[in-house]
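Two complexes follow with chain A in common, the first pairing it with chain B and the second with chain C.
What follows is the complex of A and B.
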C-alpha cells in the first residue's frame, strides 16, 4: 500500500489547491492545517513526501521545519517558502528538503512529488505489481469516483 | 462500549460495537455478488472453528435462497428459520439442529415465499434471538446484494467477513456494499441524535454527481463539521471503529491477490476506512467435487489447499 502525501498548510485556499491537484494526479493526499493535527498521521504513515507550506506562518514558527526534519528522517520535505522568508528558514540549518519559491506552482510541485515517489524503492516494490493499477483504474471508472 | 441503535422505524435495539477485530463471537459472512463461494466458506469455516473445541452455530440467513444445510450435508431438520419467523416456534434455540460434526449446530433456512421481505418487527425479534443464542461462535451466512436486511445483519455482528472473487464485477459490488453499510450505520447514528441536517447531508452524499465534494468521506466530514462539530467528530470515530475482513476467494495467480489491496486503497481513500484485513483462498478444483457429493471439503479432504486456507482464516479470526 502506498503512503499518502501529507500537505501541511495553514492556508485554506492553498491547502485545498494542493490537495486537489495532487489527488487529480493520482496521489493519496492528507491535508492538515497545523503540525499538531498532522502528528498522528506522521506516526501512522511515515510518509514519503510532506509538503510544508510556510505561507501564513509566524516568524517564530520557522522552527517547525527543523522539527519536521528531526521527526521524519526518511521523508522528503518540500518546503514552499517566499523569497523574503528564505533566509529565515536557511538559518535553521543546511536544507535536506527541497525548497520551492513562491508563487505557488502546482504543476512543479506535482512533478517533484512524482519524481520522489517514482524513485522510492518502497513505492516501486509495492505499486508496480502487474494488474494492480489497471484494476484500480477500472474500479474508479465504474464507481465514478474520479 | 459503543452501542448501535437500530431504530429506522421507531423501534430500537442496543448491541455491542460493530466490527471489532477481537472479542465477541458473532461473525457475519457476506458476498455482495452472488456465486462467489460465500456459503461454502461459511460451512467450512464453521467446521474449522468447531474443530477448535468451541461451540459453533451456523445460521442460514440467505433468506429465500437457503443452501447452507446442503453444503454441510444436513438432509433433514425438524424446524427451519421460517418456522421461527412465521411464529410457529417461540424460541430460536428450538430451531437449532445438529450437523453430525462435533460442536457444530445449524439453523437451516427455509423456502417460504416472501420470507426475504419479512416485516420489520419480525426482523427485530430475530435479531434479538440471534444475539441470545447459547454458543461461543455464531456464524451468520447472509444473502447476496445490499438489501436493508443483509446490511442490518452485518451491522449487528461483531465481525464482518466480506467475500469476493478477484474479478471487477465482484469488487465493484464489494465497494458499493461497504459504502451502503457505512451510510446505513451513519443514518442510524444521525437519527438517534435527531439531526435532520446531517441526514440531509448524508442524502446529498448519495448523489455524487450533484455534490462531487461529498464523493470522498473527507469532504463529507468537512461539511459535517459546519453543521454539527460534535456529530462530525463522532462520525470520524465511528468510521475508525469499522473493521472488515475481506476474503478474496478463487485466487489463481499472484496478481489476483492484489484485488484485496485495491479495495483496501479505495476504502481508505474514499470512505476513510483504515482498518481491514485481507485474506485469500486459492482456487481448488476439489471444492466442486465435494459440493457435488454434499460433503464439506473440510471433512472430505482436510489437507486440500482450500481447507488449509480456511483453517488459516479461522486462526486469524479467533485463535491468534
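What follows is the complex of A and C.
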C-alpha cells in the first residue's frame, strides 16, 4: 500500500463518508475512530495526509491536534472544525487554510487532499499516484515511446 | 510510426481490460463493487413460491426482504435478478393423523406445535379462505409481532421454504430492517437481533440494511447511490437520505398502507380487508373519487403522504449530519403503498409545501416497487467488504 490517507473520526457516518469518497477518488484510506487505534498506523505508514475530524470530541481532547502535529511533523493535517469550536483549536492546530468548517464538504476535502498529494515531492516522483495509468506507463516504456 | 505504436498500445490495453472483466479477482473490493453496480441495472424476474417447489441453495450473496406481508429472496443471475417470494402468514388447524397425511400428500408446508398444525406461506391463505377466516401474521408494523408466541418459528419455516443453507458456509445474506421510529415507542433492536441469529443459524453471515437505503441501492446507481429512498410498505414507511451509499439520516413512521385501509374503513363502516382490495384494484389518486369509499381512501392517502413529507422536513431540518451535496438529489418511492396512480404527483405537491435543507431534483417511483428492497439488499450484500 502506498502512503494512505488516514481519517480520524469518532463519528460513524462522517467517517464512512470520508472513507468512501476518498476511496472512490482513488486514494488508499484508513479510517480510525480514536487516536489510540490510529497510533500503530501512524508509525507504520508516516502518512502524507491525516484528516482529523473534531466533531464529537470533548473539549479536553483539543490537545490531540497538537499531539498529532508533534508526532507527525511531515504530515499535512486537515482538521474539520465546527465554527463554534474553532477558538479551542486556534492555538493548537495547523495553518488556518487547512481547517475546514462545517457542514462536512466531502468534495472540498477530496480536492484539498488531491492538491496536497500532487504537490508532494515523494508522490510526484512515484508512479503510484492515484489516477495514473501505470499500465500505460509501463507499456510506453516497453515500447520505447517516451 | 509513433501513431502505429499508440494504436497497438491502445489495443493491448483494451485486451487487458477485457481480460480483467472476464476474470474478476475474487473478493477484490473493486470487482465486488462493480458487480453490485452491474446487478443494480438488471431487471427483476419475480415469482411466487409454488407448492412443492424446492428451496434454493444459494451459491452467492443473497438479499432478503422480511416484510409484514411477504418475504422475498433475491439472487444475482447472469441477466437478471431472480426473486422468489412467499406470503409471510400462517393459519392453524387442529392436529390429526388424517390431516397430516392430506397436507403431506399435497405438499403443504407446515409444522406442528402444541397440538396444532401451523400452515405457512401461500397455503395459509387457501386454508383461511376455506374456513372463512383471516390468516395470522408473524410480523406487525414491520417488526416481529409481540402477540404471536411462535412468530420466530413461523418466519424461520417460511424462510426455509425459500432458501436452504448456502453452498459456501458463511455466505453473505443482507436483510432489510426498519429505521428508528419517530412517532412510536419500542425499538428495532430485538427484531434485528432475532433475524440475525436466525440467518446465522442457517450458515449465513447476516448483514442488516436500512429499508430506505435498500431502495437507494436498488434504484440510484446512476446517481452514485445519493438521494432519498422511501419504502412505503404495509406497516410502516422507511426513509433514508443516502450520500454515496452511506445512510446519513434514517427514520421510519408507523403509518403506511394498513393505516390507510383501517382509517378509511372505520370512516365508511367497511372492513380494512375490503378497503385494501379496492385500493389494490386500481385506485388512482389523480381521478375524482366516485364513491364515499374511494373518497375515504383518497383522504387517508393524502394524509399519509403529507405526514411523511412533514416528518421528512422535520428530521432533515433538525440534523447537522447532512454533508454539503453539490447538486439536487432524487427521491425514490417504493413499496406496495407507492403503486396506486397519482402517489408520485401527490408527493410532489406535498414537497412544495415544505422547504427541505437539500434540493430535490425529481420524485420517481421505483422500477419494481414491490421488490426494490430485496434487490437493494442483494446489491448491498454483493458490495459487502467495501
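Here is the rule we go by: the second predicted complex is superposed on the first by the 122 of 146 C-alpha atoms of A that agree within 3 Å, B and C clash if a C-alpha of one lies under 4 Å from a C-alpha of the other, contacts with A are read in each partner's own complex, and residues count from 1 in each chain.
Definition applied: a contact is a pair of C-beta atoms (placed from the backbone, for glycine too) under 8 Å apart; a residue touches a chain by one contact, two chains touch by 3 or more.
Nothing here was measured: the structure is a model prediction, and the numbers come from that model.
Colleague: Considering only touches as defined above, state whether A:13 meets chain B (first), chain C (second), both or neither.
Modeller: second
Colleague: So, does A:83 touch the first partner chain B, the second partner chain C, both, or neither?
Modeller: After superposition on chain A, A:83 lies in contact with neither partner.
Colleague: State whether A:28 touches chain B only (first), chain C only (second), both chains, or neither.
Modeller: first
Colleague: Tell me which of chain B and chain C touches more residues of chain A.
Modeller: Looking at chain B versus chain C, the one contacting more residues of chain A is C.
Colleague: Going by the contact definition given at the top, which residues of chain A touch chain B in one complex and chain C in the other?
Modeller: Touching chain B in the first complex and chain C in the second, residues 135-136, 139-140, 143, 145 of chain A appear in both lists.
Colleague: Applying the document's contact rule, which stretches of chain A touch chain B when the two form their complex?
Modeller: For chain A paired with chain B, touching residues are 1-2, 28, 129-132, 135-136, 138-140, 142-145.
Colleague: Using the touch definition up top, name the residues of chain A that touch chain C in the complex.
Modeller: 13-14, 16-17, 20-21, 23-24, 102-108, 135-136, 139-140, 143, 145
Colleague: For chain B, which residues are in contact with chain A within the complex?
Modeller: 168, 171-172, 175-176, 208-209, 215, 255, 258-259, 261-262, 264-266, 268-270
Colleague: Using the touch definition from the top, list the residues of chain C that touch chain A in their complex.
Modeller: For chain C paired with chain A, touching residues are 2, 5-6, 8-9, 12-13, 16, 243-248, 320-324, 326, 386.
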